[in-house]
Amino acid sequence: MEALFESTTEIRVRYAETDRMGYVYYGNYATYFEVARVEAIKKLGLSYRALEDSGIMLPVLQYSIKFYKPAFYDDLLKINTRITLCKGTRIVFDYTVLNEDGQVLSQADTTLVFISAATKKPIAVPEILLSALSNV
Amino acid sequence: MEALFESTTEIRVRYAETDRMGYVYYGNYATYFEVARVEAIKKLGLSYRALEDSGIMLPVLQYSIKFYKPAFYDDLLKINTRITLCKGTRIVFDYTVLNEDGQVLSQADTTLVFISAATKKPIAVPEILLSALSNV
Amino acid sequence: MEALFESTTEIRVRYAETDRMGYVYYGNYATYFEVARVEAIKKLGLSYRALEDSGIMLPVLQYSIKFYKPAFYDDLLKINTRITLCKGTRIVFDYTVLNEDGQVLSQADTTLVFISAATKKPIAVPEILLSALSNV
Amino acid sequence: MEALFESTTEIRVRYAETDRMGYVYYGNYATYFEVARVEAIKKLGLSYRALEDSGIMLPVLQYSIKFYKPAFYDDLLKINTRITLCKGTRIVFDYTVLNEDGQVLSQADTTLVFISAATKKPIAVPEILLSALSNV
């Protein structure tokens, strides 16, 4: 799928994120992807924190990941993030995680929904985000 | 899909697991499911720790989750875990998370692969596990 | 020091909580102690969640821990929690972590301060807590 | 106390690290300090990962922290790390966490012990580290 926007984030694996197999614990990738999509939004000129402070929440509706190879302590991971859909009340990101040798470690995607903090109901994608995406 | 084995696990949401939305952070469900499948294996009369100590690793190959409603601090979650496939080199678990009111909060599944710690290659499902499943 | 109240909590070590040394990651004990003090408060007949919902926050001011022996995956830890002080605007808990063999793994203490969510200023220990402690 | 070595690390607060108070969860600072001391060791020309791979473990013996002000989501924290002692079998780090306005949020220290992975016994501080510290 063609992306509306692409961005790359580097993340150094922390000791806390490994498990007794010596791998990055599988649950910790969700945090990496959150960091990656927040950076993508920053590169679009927006701030996720400001979005929340303005009364818009963006919880995750769906998350899916495939693991091909493990990541290890102190690895410098590269996460390629793509916004593949942003319409209605939703935004979809997909992610590819690579290690320093360029090997693909995992691939994932998340669907998030825009929610009004006041009503807890879904709302349309904010105009400021649509506008930022159309100016890429 | 019919399950080979079913098990229920209760998990109390910890403060550390919430985020500033007041929800359980979406990444933390992976930990809940790990707890749930380890308990399922215990109820089958096996020990995941003993499995690892005997040289068998069981990393996650694939993980997928859908979120319907958030979980909150101090909620007592009920996780229904089902083993839906266990053959070749893989085992598949699916999970349904419910709150105390019986509302379904999320549904997920994981595929794990049996690996030899020595060779790092996939190996067949251990006989002891197949035997436990066939005696359910 | 004599305790105002004592309570015991059992915690099973999760895979996510181990690190590549095979030990429980040192940062994760803070979560165990939070679980332990919330249980202590429950045993006093109160609810930490209800406290927060009534507009009282209880952030940690100080935390200190000594490690004697590591904890491992799947260990069933016993945490002995004692409230050693509760006056003015503060409450002090101390904790001893033991493994299944009764070995002391670590000892810790935390000081927390009662804060008004509205003003973000320290407030006196709630009467309901003082009353529960005096009826122990 | 005069420092043997000083280093500064910047850490962006992740969403996963906040709690329902909106603060960085108190347990997550331990991870920040681990990142900070690993960076300090890197700046000394050494690698903590290589140290471990050579059979030396460095578990934490003691950790203590005082909290003055909370950190919030997306804050760019500055951690000033100082090695204040490195002799016998131990190394002591102290840490000061500041926010972007230069406010001191917390202060902490950790004592770590060098352990042989083979014997699990304390060993002398590696020569390569003493040498690096004396050439600062």
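For clarity, chains are labelled A, B, C and D in written order, and residue numbers in each chain start from 1.
The rule is short, and it goes like this: a residue touches a chain if its C-beta (ideal position, glycine included) is under 8 Å from a C-beta of that chain, and two chains touch if they have at least 3 such contacts.
Source: prediction; values computed, not measured.
Considering every other chain in turn, the ones in contact with both chain A and chain B prove to be C, D.
For chain pairs A-D and C-D, the one joined by more C-beta pairs in contact is C-D. Among the remaining chains, the Cα-based centre furthest from that of chain B is the centre of D. Chain B and chain D have centres, each the mean of its CA atoms, that are 34 Å apart.
Chain A and chain D, compared by their mean Cα positions, are separated by 28 Å. Annotation: 24 Å between the Cα-based centres of chain C and chain D. Multi-chain contact residues of chain D, defined as those touching 2 or more other chains: 15-16, 20-21, 25, 27, 30-31, 34, 52, 73. In the complex of the two chains, the chain A residues touching chain D come out as 12, 14-16, 30-31, 34-35, 38, 47-49, 52, 73-74. Of all residues in chain D, those touching chain C in their complex are 20-21, 23, 25-31, 34, 52, 57, 59-67, 70.
Taken in their complex, chain A has these residues touching chain C: 15-16, 18-22, 25, 27, 73.
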